[in-house]
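Each of the two complexes below includes chain A, the first together with chain B, the second together with chain C.
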Partner chain A sequence: MPSDTSLIWLILSLNLAALPHFSYQPLWVALLFLSMMSWRSLAIWQHWPLPGRQHRTLSLVQWVVAAGAGLLMLDSYGNFIGRDAGTALLIVMVGLKVVEIRNHRDYYISCFLGYFLVVTNFLYSQSIPIAALMLVIIILMTSCLISLNDIKQVLSKMAQLKLASKMLLQAIPLMLILFVLFPRIAGPLWGLPQDAHTAQTGISNSMSLGKISELIQSDAVAFRVKFDQTMPAGHELYWRGPVLWNTDGTTWRELTLPSHSEPRPPIISTTGQPSIYTVTLEPHNEHWLFALDVPTVFPTSFGASLAYGGELLSRKPIKQRTQYQLSSNTRFSMNPDTDHYLNEALILPKGFHPRTRALAEEWRQKAKSPEDIIDMALNHFNQQPFYYTLTPPALTGDTIDGFLFESGKGFCEHYAASFTVLMRAAGIPTRVVTGYQGGEINPVDGYLVVRQRDAHAWTEVWLQDRGWVRIDPTAAVSQDRIELGMSELLPNALRAPLFFSQSEQLIDIWQQLRNNWDAVNNAWNRSILAYGPELQKSFLSKLGMINPNWQSMAITLFAAFSLILLITSAVLLYPRREPDPVVATYQQFCQRFVKLGLVARYAHEGPIDFARRMTHALPHYQTDIGHITAQYISLRYDQSVSSIAEFKHSVKHFKPNK
Partner chain B sequence: MNAISQLYRRFNTLRGRRVFILPTRFGVLYGGFLLLILLAAINYSNSLGHILCFLLASMGQLAIHYTYRNMAKIELLGAYSEPCFLGQAIPFYCRFDNPSRHDCLHLHVASKQSNERSWNPFKNVTGFQYQPHQTVDVLTGQQTTAHCITVPSTHRGQQTIGQIRLSTRFPFGLFDTWTYFTPACAALVYPNPIGHLPLPSSTNDGQSHHGIQRKGVDDFSGLQPYRDGDPMHAIAWKAMARDDVLRTKQFSSSLSGQFVLSWHATASLTDTESRLSQLCRWVLDSESHGLAYGLVLPNMTIEVDRGNAHQQRCLTALALYD
Partner chain C sequence: MTSPNTANILSAVNDIIVGKHQTSRLALTCLLAQGHLLIEDLPGVGKTTLAHTLAKVLGLDFHRLQFTSDMLPADILGVSIFDRDAQKFHFHPGPIFSQLVLADEVNRATPRTQSALLEAMEERQITIEGQTHPLPTPFFVIATQNPSHQIGTFPLPESQLDRFLMRLAMGYPDAESERQLLSGTSRQLLLQQLNAIIDPAALITLQHEVSQVHTSPALVDYVQKILAFSRESGLYVHGLSPRAGLGLIRAAQAWAFIEGRQQTLPEDIQAVLPAVVSHRLQARDGDAQHDFSASLIAQVPIP
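Here is the complex of A and B:
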């Protein structure tokens, strides 16, 4: 039977390991787990009965609870596999197991289940704080194992924790070697359940007025970009996402092609120097890969292809942090001669936006060329009372008419949508492009960080011989949004959390802290979390391994493993001889005379003879030498109780000079 | 062939004691859990899952070293025992020396119970025939401590301690490391002191020791300073309470009450062991009554005397009789 102390610590560690799960598991999982833990704790403190031979009814209760948990699980998840259901099952199992710990075997199993709980936490979040918490839990869990084997609790809990931490630190070298060299296999080994990845916020494949402005509340990173050489100017940083063509008057959607037609990628011609950059995209569970406008060179590794709107799409939804290198030109022309889908860019739903259509008709009659109409529209936005606001008023009825002729207050999607309607009504093919605009350079590591709040919507018009030309109507209203970036426009309350939003200095401090933290996170993501089969190959090549395949990795791993084993056994098992402190101190004392140029103690010379010779050479120190020698003799040859500390003290303060 | 075995023996001496280590069933279970964690990490391409698996594997590897270190350096300097009666447990005092700087915790001491071999080779490895005796909680670094092992007595006469198995699972219980010692130590087992025959009286012993005046139990004749071997019941406790000096009360008596415990007096018992047991009972009874007695065995005779030394001499003769 494990001791009460070790049980209490086990309960504590398991609670801590299960705690992060409670935020998304159904309430009954948490309640069941906590009540089982309380039952066991009360059994320790208040001697509550536990299920077992003496209390068969309680065993029955436990079975009923287990069966009930199974039914609830079926009700919540429909099965027992998958990430969420599996975790719930594990938590329930741990809870029930702790109640029935009767012997060492049960305790070991609970401990090992605790280690497994740690890994399930990583399936939900691999952030630095979670990793730190899990490290604490591993130490606690290991100290529980020590406590179990320390039957009489000879070691204090502090000593057990210290031993566990020491072992953890000593385990790091081998862990690193395994981490770097263990041949990585690209997962999944079997089909991943549907819920394998947490749903992410981000740009969606449709746009309605007021939808993008929800994203400005989010400080989350959308992607990070590292430019190889120079970065284009801030107002050129348009990160193209889904291109929207179809509208029903309120919502804009992607083009739905007839199933038999083949998608035709656009024809791109570029001028000038391309920018080469690497994007690290956070998972968003959608297909698009954000690129600086239209990429000319893109990887084919994950089935990336250009869609007809010039957006880069991957074959599979992005469910993990993904890195890809691209090359883009900010000066380009897309489909200058014709576009297969031009007609789609002219359709407006019948019977909507009468006032907008009337205005567009008026402009078309006045204008000589499509460019004139565009200028008129932009001037209209610029000179009429239009405001760029992060909190646009809710619109009812015909939202485009309502925005253009009544409220005049809108966010980027209001301007993009109404501009597109105006252009289409005036006979110019126009489409809405959503994505991100701008981003912030983190001065700590030089990465451009694009956050969800940088989400943006703009338009493209098709002009004969020029192809699709980007027009950003938001720029006509608020030049700052494009020139300075989103973060400058945000109110203080959105730029920094509560305490820091009080003054400009505090916001600066906050942003600096955030930059540092973000750089750390970026490094963590790039070097640790992204370490998979591909990164392993490139890293090992950089280290000098020629053609790293699993065979060569296994051989190197074996060699490194043996080396580490040798070193650990040498460090841990080599008998280190510690000299007798008394002798060591006396040798220090003798060394003091050598420094003065006197002849060192002969091998045959006893302490008394040595003292006599030294007193002869340094008569001033007769008392000191005599005193120390007497102390030494008494400590060394006498069973008397002279204090070593006193002897050390007198030697320390003995500083002879000639 | 002889040369090779000599070489092998020499190699063994140089190498030192053999220390064995194997994972316990919990160690195997731990490995299984690590495999599960690795599978989960691979399936979900989870980097921190990989790290956790490797960290735990690395800690498991360290556990081998820690468990080994917790015992490998310990030496059994020697063992001594106290005589006991058949049926009692023999206390063997083993002096363990821990020359390393670390404290060694939770060692199990067991001794070999029988030379029987099991058909199952694993049983010999896991030490089924070693009966656990004691858990040594701590062997402080650079210290020698004596620990008592009790072994049930099996037969009269010399009983050796046999093979000692020292094992430990500390700190994790994932590995079990053990080693064997065979200290040269034998305990003397006296016969079991049972028997219902009455104590032979002094009159029918057939021999006389008239005229010898010796100190006895009959009449108090004074106090003398205590000497080793004086019986406990003769110590003058009251006098000691006064001035903290141990004295022995002296009595004068004639040896009229003396008698000889003879092998032949137990003729009514057929079995050798029962006769020895009866004699043993008599020796103890006579000594506790403060009587002087002699012992006659078919192969030896011990003169009449009394006192601890005499009693031990008699009991040893009974123990070693064959």
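Here is the complex of A and C:
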């Protein structure tokens, strides 16, 4: 029977390992797990009965709980397969197992289930804090195993934890070898379960007024960009995402193509120098790959292609952090290759926005050319009382009319949507482009970080001889948003949390901290998490492996393991003498004099001779030298009566100087 | 630092043997370690005086044996003579039955006579005609030997030299001591006036106390390293024997005791090492004059 202390520590470690799961598991999983843990704890402290031979009814209770958990599981997930259901099953089983720990074997099983729990946490998050927490839990689990085997209970908990940490440190070479060499094969076998990628925030494929302004609350990183050479100016940083055409009066959506027609990319011509850059995109569970307007060269490895709106799409949804290299030109002209798309960019739902349509009609009669109408609209935004605000009032009824003629307070999506309605009403093909604008350079590692709060919406109008031309009506209202970037406009409360938002200096400190932390995360992402099949191949080639396929990796892995085992056993089997602590401390003492430039103790110099020589050199330390020498002699050459601790203490506090 | 009794003994000895502090201290060490002493030097430098002084100071009964080439073992050990009245042999003990025997110029005697002495020294008893006669306790032999290149000598073989715990050389006195010696009272007269400082029983107690001086494993380690070095370095014809090692430790214990300590230190080993090993080691390169014990000390690190 394991000791109570070991059990308590095991329960504590298991609780810690299960804790992160409770945020996404159904409540009953947490309740069941915690009640089982409490039962076991009360059995230790209050001598509550446990299921077993003496208490057959309690065994029955246990069975009922298990059956009930199974039913709840079917109710919550429909089966036992998948990431969430599998984790729930594991948590429930750990809870039930802990109640019935009766011998060492049960304890072992619970410990190993605990290690499994640690692994499942990485199915949900691979961030640095989670990794750190899991490391702590692994040390705790290992110390539990140590305490189980420490039958005479000679080790304190601190010593157990120390030993566990030491053992984990010793495992680092094996870990590194496994990390580098274990063959990483692309494919479902090694991938995460299907339901592992859900609920990521980000730009969606539809826009309604008030939706993007929710995003600015989020500090989360959308993607990071590293430019090879110079970065384009801030007002040119338009990261194109989904292009929206269809509207029902309130919500804007992507173009739904007739099923028989193939989407055709626009015809793009560019001038000037292209910018080459690498994007590391955080998973968003959608198809689009954000690119600087407009991408000219893009990778074909994951089936990236230009859609009809000029946005870059991947064949599969982005479920993991993805890296791709692009080349973009900020000076370009874009033309649709059929008129079909142009017609789609003129459609307005019947019966909506009567006042807006009237205004547009008025402008169309006054204007000589489409450019005039655009200027009128921008001037209208610029000169009438329109305000750029992050907290627009809620609009009821016809939202576009309400915004243009009543509230006048809006966010980028208000301006983009109402501008598009105006233009379409005036007969100019117009579409809404969503994506991100701007981004912040992290001075720590030089990466441009684009966050969810940089989400933006702008418009493109089609002009006969110029093709699609980008018009950002938000710029007509708030030049700062485009020139300075989003974070300059944010109120303090949104730029930094709680305490840090109280003054400019604190915000600066917060941003520095955030930049550093972001750089660390970026490095972690690029070097640890991104180490997949391709990175592994290129890394191993750099190390000199000629043809890094999975066979050669397996052979190298095996060889490296054998080598490590060989070295370890050689070290373990080689006879060696433990250094005597008394001698080691005395050598420290002798070393103190060397620092003063005195001749070190000769190998054949006895303690008294040495003390005499040192006293001669440093007469005012005679007492100390004599005292320490006497302690050493009594410890090393006499029937020891002095304590080593005292000797160590004397030597530690002996700090001679000339 | 010296223990009171031994300090008194030494100062008394040094009153007579002037300028030879180290030698007289080593000689006392040898006696306290229950070892026999070989003094090797030219005639007239005070070998006999030293032996005589020690005997006097320690209150031992003293007998001097002048070895000659025609000496027989019986002249040392004694003879059994038939007693007519008692109708049996009666043993007449020889001069060896003394607590301190000075075997003067031992290398003048034949090997046969030498070996009779050395056997007695080793066994601390003699056996004549089936009868065993124990020698008195304490029992010391101080043998003196002239340098072997003098004419008419039988130098002691190496195997016999091993029986002596120490070999000392007196050397000429320094100028100051020699002047004192020449101008002062006759040594013989001083010797006669000398009183014993302790008695043989006290000496035996001292010897017992010496054997109780603590020898730690660390020190044994050091001695073993010295022995191993003497065998493995290739500098010497033969390495040191285990008996030499035992002698080193015993002598070091006595030295530490004289220093007033209750534990043996590497310094004690180093202090007695030249006297203990010099007659047991022979340098391979044949350079007899070279003081190889110093290099032995320098080359073995203290563990």
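In this section, the second predicted complex is superposed on the first by the 547 of 658 C-alpha atoms of A that agree within 3 Å, B and C clash if a C-alpha of one lies under 4 Å from a C-alpha of the other, contacts with A are read in each partner's own complex, and residues count from 1 in each chain.
Note that contacts are C-beta pairs under 8 Å (C-beta built on N, C-alpha and C of every residue); 3 or more make two chains touch, one makes a residue touch a chain.
Computed from a predicted structure; not experimentally measured.
By the document's definition of touching, of the two partners only chain C reaches A:R636; chain B does not. Touched residues of chain A, counted separately for chain B and chain C, are more numerous for B. In the superposition on chain A, A:A603 makes contact with chain C only, while chain B stays out of contact range. Here chain B touches chain A in the complex through residues 26, 29-30, 33, 36-37, 39-59, 61-63, 65-66, 68-69, 72-73, 99-101, 105-106, 135, 137-138, 169-174, going by the rule given at the top.
Note for the complex: chain A touches chain C at residues 602-609, 633-634, 636-639.
Residues 214, 216, 218-219, 262-267, 270, 297-302 of chain C are the ones touching chain A in the complex. Residue ranges on chain A touching chain B, taken from their complex, read 83, 104-105, 108-109, 112, 115-116, 118-120, 122-123, 126, 131, 134, 138, 142, 145-146, 148-152, 154-155, 163, 167-168, 170-175, 178-179, 182, 184-190, 192, 196, 320, 528-532, 565, 568-569, 572-573, 575-576, 578.
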